[in-house]
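In what follows, structures are represented as structure tokens.
Shared between the two complexes below is chain A, which has chain B as its partner in the first and chain C in the second.
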Partner chain A sequence: MTTGTGDGLPAAPARPRRRHDLTTPVLLGLPLGWLIVFFVVPICFVGAYSVGVLSLFPGAHHLTFTTWHDFLHGSVYLTLFWRSVRMSLIVSVLVVLFAYPLAYFLALSGTKRKYVLLLVLIAPFLTSYLLRVLAWKVILGSNGVLNSLLFWTGLRSPDHPISQLLYSKFAVMLVLGYVWLPFVALPIFVSLESLDRRLLEAASDLGASRWQSFRKITLPLSLPGVAAAFMFVFIPTVGEFVTPSLVGGVTGYMYGNQISDLFGAGLDWQTGSVLSLFLLFVVAGLTLVFSRFLQIGRVTTG
Partner chain B sequence: MTHAAITERGMSREEFLRRAAVVGGAGVLAGIGAGRAGAAGLTRFGSAAESGNLQVLDWSGYEVKDLWKQYAVTHPEMKPKFTFMTNEANALGKMRAGLKPDVVHPCVGYVKDFADSGFVQPWSPALIKNLKNLNPAMVRAGQIGGKQWWIPADWGFDKILYRTDKVKPKERSWSLMFDERYKGKIAWFDDLNQLVLAGYYLGFKTPYDQTDAQLKKSQDFLKSKKSLVRMFWSSETDLQTAFAAGEIWIAYAWPADYVAMKAKKLPVAYMQPKEGALSWICGFMLGKDSSRVQAAHAYVDAWSSKQAGSWLETNYAYGAANTTARPSDASLRKALQLDNPKSVSEPLAHIDRYIPRRALYSKMWDEVKAS
Partner chain C sequence: MDVAVSRNGARILRVFFFLVVVLLYAPILILLIFSFNDSDLPTFPLSGFTLEWYRQFLHDGELHTALRTSAIVAVLSSIGAVTLGVLASLALRRRFKGMAAFSALLLSPLVIPYIVFGISLLLFFHSVGVGLSFATLTIAHIVLSVPYTILVLVPRLEQIDSSLEEAARDLGATRLRTFRSILLPLILPAIVSAFLIALTVSFDEYAVASFVAGSQTTFPIYLYGALRFPSRLPEVIAVAVVVMTASLIVVVGAELGRRHAEGRLGEIEPS
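Right after this comes the complex of A and B.
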């Protein structure tokens, strides 16, 4: 459509008016903005504290990397970090191994009450976290449920309770495992649920035993769910400090407790920030590696 | 009123006297007011009327009205508004972040840290009437350079609490905290004071200001004995639940814990070690830019009263700085040794004090915990 001007030159073609679609940028922008303001900016502040640009006390302070250097070169905090990672790894692996059969039964047994049972599994979440941890204190204590049972059956004398049940590494790992079990069972359940049953049918038609079809079909296809479940439990437990402070005693002291102490009574925000950022980098790095390796995006098999 | 006005308007004698009375009365009242203000030393802080809520940064549990009853009577429109601190580091962090309390409640070891922080200013002792009843040694602990920076309020001992039916100490000494016979039944306090304690036990002259070599010795000693310890407690609730449940037989504890265990009918003793007990005292400091200075002084005066002190002792089993305060519980009287005025001074007790290298102590203690 041309509109001629008086001097005989051809008019510029009229551009079709396009409505700029703002839906996607807005929908993306809101969570992104939230993330930037409440996550990225505070992390930058923590970073500033870690290098001395910001300081808790008034007075002279300047950019310095000595705290980072001291931390990374054989400090006791680094040893504590690896100890905590080891504890988290053990907890995560054991919980995944325990949750898998649970999720398998829920997803693939064909029981009619599947979702009711799932609700039963998640039910502990409806109570307070603190109450659940404190309940374990009652069970594991020197005069608690377990020890009382041992006294009653005569397996141990009342003067010699098993005191390593509470205020120990064992107690921390047990309670962490118990608390995170539902979190782990869910992703595995989801990935098993979305398994194409026809594949299993086809396998049995072709003569595969139940074990073989599990090993060759179910397990590989559920691995993204397992990987997701593993990350779900590993990442939070590495930085845990509430459970260790309640049931960990002296030996169950973890990296998270150290960070909390440094920011608190330790009055050393600089070292605390270094420790926090180190944890963040390690966990972020591990997550990237894991997700690339096991293709988290395929949790629900299409 | 000019002479002309009086005569020309024909003011009656009664009217003139009435007006003179009003003017004179106003003048007298103004004079009294100024006199009181002058006597109270208001000139230092100005005599602008104070208003608004008194901002108090305090430990949880101290917001109870009985502890500042006198203040509620004298300043009913300036009720205190409480923000809670979990420890001094937390309080400093809050003030650093912009909180401007009129009154803050740190313990004696931090007086110099707070004074240097720039967030507080000294008190005017003349404005606190109950100051004369406070323990003089404690009051002295709050003075820096002749100025009263800190007013003591509550205190307690750090001694050894142990089960008399399960534990037979070899001697009245801190050695019980490091006794091999009771492995797994001991609780230490989660605080760098453990390094100070180690210093006293190892016989150092100035445990609050140890040399590098001494500090290393203390740290190594604690690390070597750590395997005997079941838990480090940071809140009295943790300690009391564990002690009452029989998980712990020996603990670094405050008088309140002794009283609580006795109330649960446990056979316990609160031992005075030969190396001396440690003593904590907490008290009030005045906010630097406070616009409610008069009210702040009144608040601290209320806390320093005998009534508030007795309430504190009876209900929280903490000592009160007011030496005339008495609890209703006999076991607390005994635990606090209230009838022995020398109990809170050397050599029986070592009052917490400024630790010049607190950051280093803190780091060493964190290393003990992390090892």
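Right after this comes the complex of A and C.
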């Protein structure tokens, strides 16, 4: 195939494009239908369960908002929700703070082979999630790598292991941070990479120090990437239930665990639906607010 | 003089970067070490070299079934997701009314908390009377993978000069023929990488699978179960090492392959 097929030929009279093109609906139909039937409709079912229109038990179908009311007015569930939000916020902020210098190093310090290094950084993210959690279980356990290393090297007596390592809020936050850190550097890298260096040169010529250019130019221009990075951690972690159930114990119990328990052992599908939908509303609201920063397409093509 | 970072700053950043990389890989390395350790517990001091855990893994029928289930679901759901992704990406190349809403819908599985999606499918299948099975799991994984395929395919399609297609059409090729002979070869590398991403999404997915897999045991479901029994820990560590190594090879290979292929395409194509 040669380049510029159209350019060298005499301009043929352009065939008028048919306005009502049948192909688009044909192409659209299948993906659209799939997403509606298996994504949108199921969420509507959660809505129906949350107000009692549908129920797990036969004969109890009537519209009621009491579950919503109870949930929103000082329930333990709401307290747990804010606790999870707090944990998730701390993790997201810390992870972004860590990822920023990593991305800055790759994008702006003129290092060679930055794409290879980027791949090195991100590769752990692309291996199994559960297995990365497993690694920390092995390390933090009271019969685990870290404690036994401390005993062995004599830094701590075997009678007093550090028992709070695993099955704690700390463990959940550590593991979530570990799991998401590599991925979060990516959107920040993309926004720093697209920064026009001439702006920095101009600032420098005009007598700005590096710190001033960073504060006035680099940081503001990379904020969309930072916002995207933040959302990329916050959204999946706030509803997380796998990591807390493996390393969280009692103090690391999160909102997602509560939802999972209501559907599993609790068999209270109505309350579970309310909790799920509430989480969805919060996440959807945040996504809308941040969507102008997210620019998902740009992030991945980088 | 570098305007972005001083020489000392660059040095500090470099040290920080490699320190973080070491910390990221350390847990994986620890798994590797203990997969050969001759002890039931992952503790120091190391007690000797053994291949026992790998031998157990080779003879664990339950694990093999789980791996096979995951592999089949991953392949089927990836085929489904790539098919839907190609159709949707082709549609997104045209301009039509409601395009913004359409693409928002297609990408929304990226931002839904997986637990909420798992539960909504559970309620849905329960209410319409569909039993949970292989099929329901595959359906769920297709939904989850579609956005990733679109994110890979759309940028690729945008790079392709539409005059190539117009020329083919002017020369009398049908739409299907144009797609097969012009577009398909050009986006094939992107299709392959979309397929690989969909494979890894499905193969690694636990949260949604735990709600819709019914009695099927996928590899993540097997792992999750095994993680609760300390006696099986050494074997799981060996499995972890094998799976992580394999997935690192696939991922790095796919990325290098994609860069190579797109680099070549970039040369023969006006951009």
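We take it that the second predicted complex is superposed on the first by the 252 of 302 C-alpha atoms of A that agree within 3 Å, B and C clash if a C-alpha of one lies under 4 Å from a C-alpha of the other, contacts with A are read in each partner's own complex, and residues count from 1 in each chain.
The rule is simple: contacts are C-beta pairs under 8 Å (C-beta built on N, C-alpha and C of every residue); 3 or more make two chains touch, one makes a residue touch a chain.
Source: prediction; values computed, not measured.
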item	value
Touching partner for A:Asn143 - first (chain B), second (chain C), both, neither	both
Winner by number of chain A residues touched, once chain B and chain C are compared	C
Touching partner for A:Val93 - first (chain B), second (chain C), both, neither	neither
Which superposed partner A:Leu30 touches (first chain B, second chain C, both, neither)	second
Touching partner for A:Ser273 - first (chain B), second (chain C), both, neither	second
A:Val41 touches, of chain B and chain C: first, second, both or neither?	second
Which superposed partner A:Ser128 touches (first chain B, second chain C, both, neither)	second
Touching both chain B and chain C, residues of chain A	137, 141, 143-144, 263, 269
In the complex with chain A, residue positions of chain B that touch it	86-87, 89-90, 92-93, 96, 117-118, 184, 190-192, 226, 229-232, 234, 241, 245-247, 358-359, 362-363, 366-367, 369-371
Contact footprint of chain B on chain A as seen in their complex	56-58, 76-77, 79-80, 137, 141-144, 163, 166-167, 245, 249-250, 253, 257-258, 261-269, 271
Residue numbers on chain A that touch chain C, as the complex places them	1-7, 12, 15, 21, 23-24, 27-28, 30-32, 34-36, 38-43, 45-46, 49, 54, 98, 101-102, 104-106, 108-111, 115, 117, 119-121, 123-124, 126-132, 134-139, 141, 143-145, 147-149, 151-152, 178, 181-182, 197, 200-201, 203-204, 210, 213, 218, 231, 235-236, 238-239, 241-242, 246, 256, 259-260, 263, 269, 272-273, 276-277, 279-280, 283-284, 287, 296-297, 300-301
Interface residues, chain C side, partner chain A - complex	1-6, 9-10, 13-14, 16-17, 20-21, 24-25, 27-28, 30-31, 34, 41-45, 83-85, 87-88, 90-91, 94, 96, 102, 105-117, 119-124, 127, 139-140, 142-143, 146, 151-152, 154-155, 163-164, 166-167, 169-170, 175, 200, 203-204, 206-207, 211, 220, 223-224, 227, 233, 236-237, 240, 243-244, 247-248, 251-252, 255, 259, 268-270
